[in-house]
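Inspection log for the structure reproduced underneath, given as structure tokens.
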Amino acid sequence: MRPHDRSPDQLRPVRITRGFTIHAEGSVLIEFGDTRVLCTASVEEKVPPHKRGSGEGWVTAEYGMLPRATHTRGDREAARGKQSGRTQEIQRLIGRSLRAVFDLKRLGERTLTIDCDVLQADGGTRTAAITGAFVAAQDAVSLLVARGKLAASPITGPVAAVSVGIVEGQPLLDLEYVEDVACDTDMNVVMTGAGHYVEVQGTAEGVAFTRAEMDELLRLAEKGIAELVGLQQRALAQPLERRAA
Amino acid sequence: MRPHDRSPDQLRPVRITRGFTIHAEGSVLIEFGDTRVLCTASVEEKVPPHKRGSGEGWVTAEYGMLPRATHTRGDREAARGKQSGRTQEIQRLIGRSLRAVFDLKRLGERTLTIDCDVLQADGGTRTAAITGAFVAAQDAVSLLVARGKLAASPITGPVAAVSVGIVEGQPLLDLEYVEDVACDTDMNVVMTGAGHYVEVQGTAEGVAFTRAEMDELLRLAEKGIAELVGLQQRALAQPLERRAA
Amino acid sequence: MRPHDRSPDQLRPVRITRGFTIHAEGSVLIEFGDTRVLCTASVEEKVPPHKRGSGEGWVTAEYGMLPRATHTRGDREAARGKQSGRTQEIQRLIGRSLRAVFDLKRLGERTLTIDCDVLQADGGTRTAAITGAFVAAQDAVSLLVARGKLAASPITGPVAAVSVGIVEGQPLLDLEYVEDVACDTDMNVVMTGAGHYVEVQGTAEGVAFTRAEMDELLRLAEKGIAELVGLQQRALAQPLERRAA
Amino acid sequence: MRPHDRSPDQLRPVRITRGFTIHAEGSVLIEFGDTRVLCTASVEEKVPPHKRGSGEGWVTAEYGMLPRATHTRGDREAARGKQSGRTQEIQRLIGRSLRAVFDLKRLGERTLTIDCDVLQADGGTRTAAITGAFVAAQDAVSLLVARGKLAASPITGPVAAVSVGIVEGQPLLDLEYVEDVACDTDMNVVMTGAGHYVEVQGTAEGVAFTRAEMDELLRLAEKGIAELVGLQQRALAQPLERRAA
Amino acid sequence: MRPHDRSPDQLRPVRITRGFTIHAEGSVLIEFGDTRVLCTASVEEKVPPHKRGSGEGWVTAEYGMLPRATHTRGDREAARGKQSGRTQEIQRLIGRSLRAVFDLKRLGERTLTIDCDVLQADGGTRTAAITGAFVAAQDAVSLLVARGKLAASPITGPVAAVSVGIVEGQPLLDLEYVEDVACDTDMNVVMTGAGHYVEVQGTAEGVAFTRAEMDELLRLAEKGIAELVGLQQRALAQPLERRAA
Amino acid sequence: MRPHDRSPDQLRPVRITRGFTIHAEGSVLIEFGDTRVLCTASVEEKVPPHKRGSGEGWVTAEYGMLPRATHTRGDREAARGKQSGRTQEIQRLIGRSLRAVFDLKRLGERTLTIDCDVLQADGGTRTAAITGAFVAAQDAVSLLVARGKLAASPITGPVAAVSVGIVEGQPLLDLEYVEDVACDTDMNVVMTGAGHYVEVQGTAEGVAFTRAEMDELLRLAEKGIAELVGLQQRALAQPLERRAA
């Protein structure tokens, strides 16, 4: 049996807290079980060099993990003087995922930076980050629209992500840490609200996986992401009281 | 008048939440008004080179600020590849302050690392960090005692910190951001529970300050720290239910 | 039509030159059309810290691109002082792909490092690198067996990789540069000789892709990889005259 | 007794040599006993980004220690690739201390950089650096006035610094190395010629210190700084023969 | 006797392959025996800051060695995060050598960057690099002339380089690795086609060398460089078929 | 005519001050006219990895220039985070030059580090550094002998260095800054007391130089170095009163 009596195709309890901090244009604490990620969306009225003068904006992401978000303390990347390959891989993934639902022309020449900082880790930090980042981005865009900076939203639809994997032959949805460590195959899937794929990243940690296994994993992911998109919409349907910062 | 109708010698509302995250041996969210700092205490059974074979332990601290903890987004230090001078100054201050109430011999050859990460900044992040770090350190030490790793606590007493400053000629306790920006003199004071000084760092941002002004600032700081030590004790008097991580 | 009159499911001409340089235990120049990657396999009788005393070996990879391997000159990473996120992502992928066909216990406490350096780039450098790296690794292992350092090969079977993508609605095998730039969806697939998946990394650069499109891409990749594994085996079947270095 | 038969409230012999090197606009070798610091003041007709277009100038400082300025050789920071936290702390302190006596508007849009390089260390390098930096800055400003670049001096008065501390219960002025190592409390004080405080940085290295002890330390510092300001003025009263560089 | 029955004043077999890669304006693989260096010349229509607005161009070089170009694998400089002192010394030498035969005014405000990457090392990599770099630079310049970007060539004549050294008392031309390791004195000489010196860098690895020995080494170098210049001219006399990249 | 009425084959006034600082085992301020370099020799009872267990010692050098040693202020290398190629080239040259007169076996397993820091620059800093470094090394070795750590000196003879160059067709000895800037050819020569070459580094900054010019430059260098060796010996013949550090 899975911990907490979860069935194989069941998500962990998901909580989405909007307005978690007061300064950012969007600020969301997302929890997938014991995994907790703070996602803030910051708007800056400038773009990186490759977009200057293009009339287009840019959406990018940075990712970090507090040193003691994990079971044993990890090095602080700022102290070590560089981000790990894993960190860079994850923040590039989050950025691409968000850009998949953004019309950069409609955003105008401004940059939306999503910072995803893991306060507590228990597996699935990158998928929680993407799912929370979308909500934070939506809140930031709503503020731009409310302030008259944008005539219409540049967001073309929701995006969310979940991990799936095979543990002792059993395909499972939304792996938590003890499952992640034990799994043979680990797949992160990012999909739009329309059920199309933005990213599929499957890795055989142990034995290579078959086409049949991949099909089953994709089915689980599709189910989980549909639920996550529903939870995002429910959270966004609540009124957000912004603090005068 | 001060924001929120504070009197000149009044602290902001302080909240201390123990057990804020589940993995660390001590984990405290401390809030001084809108300033929120997550302090985790991690125990490792090893010491840095300069303590190896000495029979003594080590207590150290690291400090960071999430990029959008502030009004406008700051660079992520991990991405920039180095910690700023300000960050290093603050983490050295936190480490010294904690060591002032630790008997390193009684700690034995292990390291206690306090990570202070600012989730939201509104002035006084370093003093909130020191005050919260003490509570996290106390929880970590209690766990070591409870597990039989330590016969007696190596902590010799409480330590807490507060900022004071002079704004338009008026000495104030516990500056928040708008006051900090406007002040002529800014002083951070760290004291023990016995009312002795661990650190005094006063800086004239504008005009130099007189001895009479310094005396008044020290009086305010003493009052504030006595209250903070009381709040630490009240928080630590509550039972802490630890999650099985 | 595709450049060089290629049909949608056709690989570019592939050339595998073993013994391309004289010092490495395995040294292979692999060409996928105009993409040329030099893959060398180096054996060292030591392992990284996380494997010390485990009785197991380690297989890892590093990736680089000569500054003028591309249409316009890129920065030299050594001069800039750090490897890009893209470089790190690719070398981590190559390392995982190789480890998928290695029994690290049978390798013993030694490290096999595969250096993949792109001399000329025209799309698909990472898939060419993985495909060539396997041949270089095989030559290095054969040398260890021939010298009596290994009783039996730790390699459990072949591994190869290819890119697939959708350009203007058309799924294509083995994208070259002009196709890569124009594609909506880009997928890199790594498979074993037994036809099982080691890695699947699909990214929607433009519009998200459907499940039907993914199925077609996976079909193309499977066909291409089967051919590449055949070409690897044919190359390895030739005698290798080693230079006395 | 103190080394060299010093009384507790006595400075070490102080020597101030102006025009120590020929290229800088101000160049001073300052000696506090065996501590020797070369302070050069360089004028550049540009300002850092945060001052551009403000009509204001900037005053900043950098600090370094030659590897064998100390009893045992320390790492060269340039070779190690970064400045230590201690170095950054000190150079920030020197910069703030100088700015306290500068009217940046009257300086105009130019930068004065004070380089303080320790040729020989025997305690008190940062206080000697501040005291010497003021003299170098004064010489650089006099040159700007003499050349007609400045109508009036932007310097509002002298600034100097000294360390004080408690060794075996005895408060002492101007600690040398063997005293610094043995002290319980160490305080660096920066004051203007008018006897006002610019910086007070007190640290309990061992046991925390009482208010009475702090008062005694401040009294000693005030005495020492008054003497240092006198020595600065006497040195500046001498004619300076500048080499045609 | 020398390896391969070489006489003391004989070069190793030299091969110059133009058009080795397709993207660069000049691309040459040069081989001095088993030493193989890929030299590419890249033209960019911009100059570094110190040449902006001067009407002059710039010629510079970068040098690298693939990790397994050597007998045992060396660290990848990009992974280590910095170029070694040796690498910097060599690339500065190559740049100076090329600039000695360039009229920067006639080049116009553009930059020619020569990348010299060692694919296989067997002694003399820097001298092979200089000799090959000249050919690549010549091909890049010819292309600029052919495209009408330059009215006349800014190249004033050929430049080539060779190493000489004393092994067990015997002066030798063009040292290969086993000789280089054993030599007492090692000298790298760079000369123009007119027989004048651009660089002479002689180093006593063991015992210091006499004036008579230096004279003999210079005589050998002069002979070798005259031959290398002839080989460069012969190679450049062949038609170069450029690939449409 | 040359500045200060120097004849073409005349050195600048040379001053060698031993015991310039008190902590180092050898400490020499050397002046070639207005060029002033502080050379300290530090002994450590350990060797770098490549010498461990070899029974041999190591001699190495580091070089730095204070930011305002020059006419205009240069970046501080420690602040910029890396040493320039020029700095690395020079410190490698100094290290090789010193090792040429050291018998590393007789030195035993200890390291002699020579730090050469330029306090004031006016051309020829690297040759002054080598000439001064030898005196500092000699003083450090004498101390080891006096303390009974070494039975006999590992130094095999003196070493010194000078620059020569051609300015407007005229070969000159010991270039100062204004000559260095104007010269066509610049050569640094390092020789032993026996008149043998340790290093010859000649560079054509402008037009390439002929063999006849090189011969004349070598003649000048030989004359200058013979004089410098005499000055070293005269300085070392004086008694050195060491401060009890």
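As written, the chain order gives the labels A, B, C, D, E and F, with residue 1 at the start of each chain.
Convention: contacts are C-beta pairs under 8 Å (C-beta built on N, C-alpha and C of every residue); 3 or more make two chains touch, one makes a residue touch a chain.
Note that this is a predicted model, so its numbers are computed, not measured.
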| item | value |
| --- | --- |
| Shortest contact path, chain C to chain E, counted in steps | 1 |
| Whole-Å gap between the CA centroids of chain D and chain F | 32 |
| Centre distance in Å when chain B and chain F are each reduced to the mean of their C-alpha atoms | 51 |
| Cα-centroid distance, chain A relative to chain C, in whole angstrom | 29 |
| Euclidean distance of C-alpha centroids - chain A vs chain F, Å | 59 |
| Residues of chain C engaged with two or more neighbouring chains | 81-82 |
| Chains in cyclic order, anchored at chain D, direction fixed by chain F | D, F, E, C, A, B |
| Chain F - residues contacting chain D, complex | 21-24, 27, 34, 36, 38, 40, 42, 44, 62, 64, 66-73, 76-79, 81-83, 87, 113, 115, 117, 119-121, 245 |
| Sites on chain A touched by chain C in the complex | 82, 85-86, 88-89, 91-92, 96, 100, 187, 191-192, 194, 196-204, 207-211, 214, 218 |
